[in-house]
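One structure is given below, encoded as structure tokens.
Letters A, B and C name the chains as they come in the text, with residue numbers starting at 1 for each one.
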């Protein structure tokens, strides 16, 4: 190609040169991209699995995430906005973002059910919203009562390091543990309060100082995302309440000698 | 998704290309010695960004992103040409700059004589490619939103360069420590302006 | 064309100079004002800054090498586009490799990897050096300029992470016990984390460099 006689300004030369270059470069890139694709995909999946496992307090490396995920998170299905369960769908491969772009009655929302080593059941749902600079998302693990938060993780696209980006810090996420998202039958979600939440408030945590907009984003994201599941959550909670009530009535009938159930007991079952 | 007005405002003031992402700094520092040239380059940037961002949006939506080729035939639904984005975006920018140059030269010679020298500079202005990449990342739903983003970012850049040029003109009369003159003080000033622009953060229309 | 340089031994004085100058008195960032664009947004933490520095060095060196090899064949009219396409291809490779092998960092760098394409250092060195010099000299020049750029990035990131988060490379340097929250007196400087602070740091570096080397001062 060290051509001394070729006219480097000729149309034909320019055209052939451009074509050869484009074809070469495109082939090279296609090879590179397809070769690395499985690994990239694996990275993305491993990260999501690690995050889901994190919500139930299990820390794994990217390599072990797959096995651990299969072990703990056995049931994965989708629910609709009205609470109907679709067992056919694998929640892990549902893309929440593209589901949310669909119309409300077509949305399939992912639900993960994890079984803890001690046999307890946790429900894990993904949440998604907007922070200051870009998207934020995360996973919320709920206890069997579908109200108490067992664990939570957040991640973000491009929040300010040291400020909004602190939503991923364990110190921030830890606050959510033990908070409840239902008050009676009413969904309250969890508020993120600037200037500090009252420590006894079961529905509020402290915001990040200097990260007000990201904190508000988290609050919004939880409120909206959990609301989408509220029909499903409520239906299970009602079933549980009925079962509990039935058990209570049975127990009451069984032990005729015992005094009547005190009035508060029923709502404590929630 | 935010309204078009909000996106426009956001991209112009809050997510300002210069003050929060430091994009297009090379030409920003090199061409900001006088307000006149700064205005020229600024207008050229608004122009080119306003065109390239929507064009790249369409390309991204119908060619590059995963499953984007489904409109051609269902067989292509699984194709992901995302790895070609960088090349396509930069090629589009380079050719549009060339095209704009030719069109302006032919139909508006007066504009060309004032803008002409800046246009070739623009192909390698990071702010232009940056706008396309941020647009791709932000995943706008409509062409209108993408256009608003492109124009807003361009105007934001325009505001930034005119601001700094005005300050630098005044700086000639100030007693700046010798080693800090020129480049050094320009950096510090940009930093301070950046802090000022942070006041817009979180502003909702 | 200074082809004579190419006839020297591979690590001759001329080549060593090519490597050393950009790190000092011909620093691309603080002296030649190139490549600030994609640089500063990644300097809030040390790790992404180092990865960015390595990526830019690799792309500058390889693109200089490739274009120096091709320099006699490129049609004049499409010169800039050919340069851009080759650089864009290399950057795509870097980006795909990062996504596969350094996923965490690639997320932090996000669009700034793509912006390496328009990093003026790369185009600047291709135009100013690679098109007129032999492949090996161009390669060395690319490495030198990449390192000179990386050095500024790392210095800025070092101070921003240390002062802003009290950590380095993600590891805690300032003991927890010193923090006001734990009964100490120390607070992280939140201001340092803010994007504009990167500019102020670079301004300060320029100040110090020009104070020590009067030749670089501007009128």
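As a convention for this text, contacts are C-beta pairs under 8 Å (C-beta built on N, C-alpha and C of every residue); 3 or more make two chains touch, one makes a residue touch a chain.
Keep in mind that what you see is a predicted model, and the values were worked out from it rather than measured.
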Starting at chain A, fewest touch steps before arriving at chain B: 1
Chain whose average C-alpha position is farthest from chain C's own: A
Chain pair, B-C or A-C, that carries the greater number of C-beta contacts: B-C
Averaged-CA centre spacing for the pair chain C and chain A, given as whole angstrom: 37
Where chain B and chain C are represented by their mean Cα positions, the distance between them in whole Å: 22
Residues of chain B engaged with two or more neighbouring chains: 83-84, 87, 137
Sites on chain A at which at least two other chains make contact: 25, 29, 32-33, 157
Shared interface positions of chain C, touching two or more other chains: 81, 85, 89, 92, 96, 110, 194-195
For the chain A and chain B complex, residues of the former touching the latter: 25-26, 29-30, 32-33, 101, 132-134, 157, 212-213
Interface residues, chain B side, partner chain A - complex: 15, 82-84, 87, 137-138, 141, 201-202
Complex contacts: residues of chain B adjacent to chain C: 19-26, 29-30, 83-87, 90-91, 94-95, 120, 123-130, 133-134, 136-137, 177-188, 190-195, 198
Contact footprint of chain A on chain C as seen in their complex: 44-45, 70, 72-78, 81-82, 85-86, 89, 92-93, 96-97, 99-101, 103, 110, 164-165, 188, 190, 193-195
Complex interface listing, chain A residues touching chain C: 1-3, 8-10, 13-14, 17-18, 21-22, 25, 28-29, 32-33, 36, 39-40, 43-44, 47, 157-158, 160-163, 210
